[in-house]
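Paired with chain B in one complex and with chain C in the other, chain A is shared by the two complexes that follow.
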Partner chain A sequence: MNVREKASGDTLIGKRIPKMDAPQKASGKTRYVHDINLPGQLHAKILRSAHAHAGIRSIDVSQARSLRGVHAVITAQDLPFQRPIGVAKDHLPLKRDRVRSLRDEIAAVAADTEEIAEAALKLIRVDYEPLPVVATAEDALRPGAPALHGEDLVCVNRNGTTEVVHRAAPGNVAMTFDYSQGDIARGETESDAIVEDVFWLHYVTHCCMGVSGVIAEFDSNGNLTLYSNSQVPFLHRREFGELLGMDPGRIRIIQPPIGGGFGSKLDIYPFEPIAIYLAQITQRPVKLVFTREEEFLASPTRQPVLLKMRSGCTKDGILTFRDVETVHDNGAYTSWGATTPFVMMQTISSLYRVPNCNYQTRAIYSNNPYAGSFRGYGNLQATFAVEAHMDRLAESIGMDPLDFRLKNAQDPGEVTPQGMNFRTCGFKDCLRIAAERSDYQRKHRDNVARWRDPDPIKRGVGMASMLHVGGGAKIYQSDGCGTILKLDDFAHVTLITGASEIGQGSETVLAQLVCEELGLPLSSVTVVNNDTDVTPWDVGVHASRTTFIAGNSAIGAARKAKDKILAAAAVKFDGKADEYDLKGGIVVDRRTGNGLIEIDKLIRSLHFSEKAELVMTTFYYEPPSQHQDKKFKGDVSAAYAWATQVVEVEVDTRTGIVRLLKVNAAHDVGRVINRLGIEGQIEGGIVMGQGYALTEDLIVDHAVVRNPNFRDYKLVTAPEIPEMDVSFIETMDGEGPQGAKGVGEAPAICVAAAVANAIYNATGVRITALPFTPERVYRALRGQAKPPVWDVGS
Partner chain B sequence: MSATVDIAFTLNGVETSIRVPVTMSALEMMRDALGLTGTKYGCGEGECGACTILVDGATVNSCLLFAVDCDGRDVVTIEGLAANPLGERLRASFVEHGAVQCGFCTPGFVMQSHHVLTKSPHADAEEVRRGVEGNLCRCTGYKKIVEAISAAERVG
Partner chain C sequence: MTRVERYLVPRTIAEAAGGLRDGNVTIFAGGTDLMPQSKSGKAKFGTCLMNIRRIGELRGIKRTASGFSIGALTTITDLRDSPEIKVGFPALWRASDHFASDQIRNAATIGGNLANASPAGDTLVPLLVFDARVVLVSRPNGALQTRTIPMTEFLVGPGKTSRRPDELLTAVEMDAPPPGFTSRFFKFGTRPALDISTISIGLGAVRDGEKLRNVRVAIGAAAPTPIRAPHVEEALEGKVVDGATIAAAVSAADCDIRPISDLRASEWYRHELVHNMLERMLSDVGHG
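Entry: the complex of A and B
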């Protein structure tokens, strides 16, 4: 092939590109943290509490310490300078004199084998003083309820001084949010129809197929290396530094490929500092891996929510107000679950145009498992309520539910009262296309007409839409991501990005974006994304931000490299840089399309010249978004993603079994970068949403998780999946990389809300609590269900 | 700590002998004693399929099988499919159809689908879905996995 022929490099954008790491994974060669073993490594296990709430009178570890093969046994007593972890810093990794949930860590062992470590745990004697259990948020709010964090948490600093690290939380209130726009009273007066419900959104958990695990190792200079599944390595590095009283610069986080994240690895959990302490004490590498049961008991949950909502509209279908109050069972400690109201309020205030809106919420301590961040981050819960009311209001004024939504849906250019600026917005297209492809309006009418038919099998269609950040979220000081890019003498690119790959396919998308700029094939790129000693800073994988933020960063670095190459071409061919372009590995003349020289040849001539230069660039992308002010107002994301999903269900009224038959999903994704990858994200998200709606239920009964295994915690399996039809609305976002917006969380958000509406459309019965198990549906159809009640005051 | 037994079996086509504790599972033997980490621990209770291996041609959850019960049998792990034509087609098909995200479930799915297609080379989508019912995947929503398996006969 000569230079001219090769110059016709086709675009990779929008193509079906297999993931770069897939061949390795499909042959079982990928090494997850569980598969890594370091020479001299010890195995650690954690002793957890036997009570959901108790004082600890004493812990006797003497027998455990003398067991052969045990290298260290630690309790809080051995760690005088322990610091708290978590979002509110209310959580000591090893508990001192009180346990507040069954997951609580009391002691830990490092031994030659896991078996010995287990045996040692059995030799530890703990003397508990049981305390009354606070089993629900309602219990926690009762007058006289035990205060779970009733005293200040005081820590001793390394210099001997003491410090209050967490203030007492009287009344068990861990966190509150209060948002308002407009005037609810005015909205009520203007309303012709008003509906009110109480909703209960249950506990579910991530169920990453790879259980949690970490390896900690100190070198002889006291530097720490962690093999960690963190989704936010740079933030955690700083936090570990604070915990350990060491310079974060001396902490290196290596991220082996991860067996699923979905938000669960956004916080530090006690097992991580515990492994570090054990490594520090033993001066050996320490590996700590959960069992599946431990994973169910001691990893975070999705935020359970009790939600009360009142909404109104005029008789011609204009929303007038929405008044929402929620109580979140925070569990024993505060992780990201407590902050999900940030996202919930966006949906409540701005998915549809609603001039008057109130949203108040409290996160309440209990002895239950604590809630973390989980794909969708409160949006599944908020959307469930909002979309139920869209259907109920439409029905009460006799309007078609699609028409009602179209009347109130946001348009491009809208700046909402919360300050979000919808520069691109494909919401109405999502609504129309999902409805059209599912024949929603006709089916919806026909199903209602069949409510009184004798046939026990009913069909229903239901619709729900969502709004989610799609251009990062300015939560931290910076929402940026760094890239280092080098082009070697063979025009092979090493793309060093701060953005972590957690299975979602970011590695491939970033490589595509770089190839697009540099006119190189995908095989010319190696992505390095898993070592904080090498990679530049990134705020982490959350808020569906990676394609958008890390994508823009990678493009920025690639453009700088391109500029440099074109400048060299200009010198060589005696023209101006903008007369040349890079295509198919060749420098081409823009005007004629003729190939001039292979890129690698040009780079070598730059390298081995008098100037002796390499092509290496860096770029840091910071999105043009704003922090919210104290009233939660501000344009927090550089772009917003939209979607509508229509589901079709079959309800067997004899058994209460609901089958999800079909999902028509329409997503405003800005632009499709990798069609194969984005379909996978959406299908996976839909099925995760299906689990939330129908099968998954972490049963927390009196602070005890009753079903910590896959036999009793039902994930959706292959025979149960619906037919999935996905449409992409390409709004070509001006700020997005090649026009793209984030999509990671979006597909999971609507399903449960749409299924609730579909069950109603099939049967005429509205169920306001999740999940829709056969038992719940069966009872509801017979008028025997106890709907959720608001018994938490205000 | 516990009693040990000497066993001998064919592992990925190679005669193998090893001394194992009687309490050890085949999964632990593969991963910890033999260094074959392609077989994954997802639950240890026979509920997720991440640990699927072939024993005398049938798929087994290796977490539920005692290592000693491998004695005298023909055992294949994901590593053993490297040179197997159907294994090769399945791997290629999983990659091409986007059936791999985090990849943690993938070796188990490849093993199970190898079994499904060996029994029924022209299995339709319904048979495939039933065939992999015991394998859990949290990432993909299964659609692309089923497509990959159904297409594996044609790939390559």
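Entry: the complex of A and C
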């Protein structure tokens, strides 16, 4: 939606604006779901499996039921009409006769206090029949491996009929993806250099500061209210309706401020229906909040991926082909992690021009934790492999890695074989600026020259780039967002948007965009964005879409309001609407710049006139993007975001410890709307990428999470955060709100890939498995590493 | 699950020692080990929980005839803020400086660090370097009895000490080191803050011209308890710290350490770290 240029003094766009919710959060006054307590509320706890894989012979809850203060104990037996959740509908909230991972829910208790609920769990007796554990995708693919979803999942409908809700998955294959463009064989013959590697991308988890939680309450009419941290309230409302056999219209989702999402709240997890069932049975509000350990054990992970890649180029540095196969360890059930190939294949096929490309994925069931969506959505994994090969190919033909990338980088106007149309594309500027500001080329050469130097501390620079959707992603029927906007008698704006705030700063940006149109100060906007009974539909916070989609929607509503005000001005001052403008709360004459009347006064005169009108408008924005076809081709986003990051590291060869010293990031963001907000978003994303690269590692060993705590699961701490130099490339996207593109996921995506290249530049050792913890790096430096192997057939 | 049936808050050592006589008492100091351990099921509370935080006489660093006595309730922050520790026992000061985070240091006590007897307990390594003695008090039949034992006898195994259940750890004592004694402590963790040692090394000696005398070396997280490393000490005692001495000391470490593989590191990597870090520390000593 077209850019409107204004003199810089007059505009809010590009200014540094503190987030509207910052004072509340910083002063500890924000009330998260944890802080909400409803009168009469009960507390729920979940009994999880003691085995990673077992049959359930019997469950005895009698003792738990008779504990004083316990109001309900439920198992699958109490819920004859249970229906499955998740992306493939293979997951019953309460398990019937089989558990497939240690997080599996067997029973749940609602009691007067958490302590009583906890004590009741200990009184539940479960008789298990242990089954062989499928600990890796490799195990799952072995002939004769236990089939984890070997039978159809049959559910009983409320009318007594039965229905197969999930088909048996023989061979443990949960999902497959197959994409191709061009002709790999031809690409191979045209190649002068070919490289091949196997990469292992590990488990990490979101570590939201606010753990998962929900409060479910039924009113006397049977209407359900959920206080939920959902990132996708409107889609979930519908899904809860199906689960419960109730009209979704009678389900209201209220989102208290959410203590971090990062994709983790994009699916429904068992704890949510469980809280609802308990509320239904007890007819009391039921609150269920995870402990931190539970959050580690029973919230989703980033998708772990074993990835084999073969790439080629000519001696002149032109990419010829790329052939990729991955196995995704799906874990016990299917959530969004299995669908990360949608994003991975974009990077593999279209970050650089590559005429011939194959991409295949099998998502394989195991008894491990299951992966959900996580900021970047497969792109960290794909970028890691692609950018390693960009460096390796450049080296094998003796070309500077920046020059090699520039030769293959996309340009504006390109339509890729996958169908993505890069109407704006600042990729080459990103490459050049990040390289220039970091002095990449000189340092890269100098570091290689120091490989044999006796100093045990080595320095390296590494570069990686990324492509990600920046204008929404058309995954569902609609990728739209609705806005309702009203200006009251005092010209105070209430902006009612479908877009959820999960800490990303969307409410501030949306308010800014509206104020920009209406010539009002930010203080005159209240944003309402957290109640499905009030807010219009939105598809959800994901795919870096909120600023772009909800922003365009808010602008649309604001422009309609402005038209109405200007029309009123035209009547009042006997002119034409386009002769007036709104500025600083006043209607001004466009030509003279003279103020004519305060906006609030004009609105009042409209309200209290013969015509008696209010200024209230609505707008629904649907981006002009396309669904992909069955071959995964289509222009899925209305805009695409680009970035290059150059990192500088220090590697201590005596310990293997890698310090991230500096990150030079150049991001094509379309346009900067809130400079403070976008800097925070980029810096936070870089730190998240740093954790993925260097410190974070959810250790899953024989289906057991070994480090479910912050002592052993290592988030980056303040002293480790590198110096950051962020450049914004403003390509003024024609469809973006004020020219902006989405940027939420972008900054986390290329850090690990760049660090891998930097470690190589420092030491001459290429490591293809994450994370780069000291021991892994040290082993690699001493030739003691076991590199990942492709042991999963094809 | 045992239920805590009694909660005791003694005000004096005598009262506490009396309370311990009944057996099955869990002593609670800073709680920074106890709480996570009881939550994860690694430690179980006894039927009686004794909060010793109100025993004023257990806290503080006192001068004694031969050196210093550090009360069991002295927090890691107290150690870090103490000029006496900083000047007289630099290895101990550094261990307290590299310990956890501010919040934990404010709550964690030296007595808890000792009684918890983790192979990675950070104060234990410098305390071994300073030949510290642990003071244990009991009250078997009305009268207080005091037992003072060297660190090496106190530490028995991972999480195990020679403290009897009826004994309260009241203090740790150190003689003032010999004149000219200097000490260092190095901790390897994967990050600069809030980390448990992967390995740690304490080093102390008197410089006699070019030579080292009175060499004491202790190593943490590389054996069932933090240990003194007699073979390394022997390789260094009376020697000039040159390349050959360093190489001999480093390879002698293999006779002293018995690391294991766990979440934090493999046995092999711990070996390598002890070698490389000992080498680095000794090279630093050699250069200055």
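The rule we apply is simple: the second predicted complex is superposed on the first by the 785 of 794 C-alpha atoms of A that agree within 3 Å, B and C clash if a C-alpha of one lies under 4 Å from a C-alpha of the other, contacts with A are read in each partner's own complex, and residues count from 1 in each chain.
Here, contacts are C-beta pairs under 8 Å (C-beta built on N, C-alpha and C of every residue); 3 or more make two chains touch, one makes a residue touch a chain.
All figures in this text were calculated on a predicted structure; none of them were measured in a lab.
Contacts of A:Pro719 after superposition on the shared chain: both chain B and chain C are touched.
In the superposed model, A:Arg711 makes contact with both chain B and chain C.
Of the two partner chains, chain B is the only one that A:Arg16 touches; chain C does not reach it.
In the superposed pair of complexes, A:Ile258 makes contact with chain B only, with no contact to chain C.
Put chain B and chain C next to each other and count what each touches on chain A; the higher total goes to B. Within the superposed three-chain model, A:Arg142 lies out of touch with both chain B and chain C [touch as defined at top]. In the superposition on chain A, A:Pro774 makes contact with chain C only, while chain B stays out of contact range.
The residues of chain A shared by its contacts with chain B and with chain C are 709, 711, 716-719. Residue ranges of chain A in contact with chain B, taken from their complex: 16, 18-19, 21-32, 34-35, 115-116, 119, 206-211, 257-262, 291-292, 502-505, 676-677, 679-680, 683-688, 709-711, 715-719, 721, 724. Partner chain C is touched in their complex by these residues of chain A: 122, 293, 654-655, 657, 695, 699, 706-707, 709, 711-712, 714, 716-720, 773-775, 778-779, 782, 784. For chain C in complex with chain A, the touching residues are 1, 36, 39-40, 188, 190-196, 198, 263-266, 268-269, 272-273, 276-277, 279-280.
Those residues of chain B whose C-beta lies close enough to touch chain A in the complex are 1, 31, 37-45, 47-48, 50, 77-79, 81-82, 90-91, 94-98, 100-107, 110, 128-130, 132-146.
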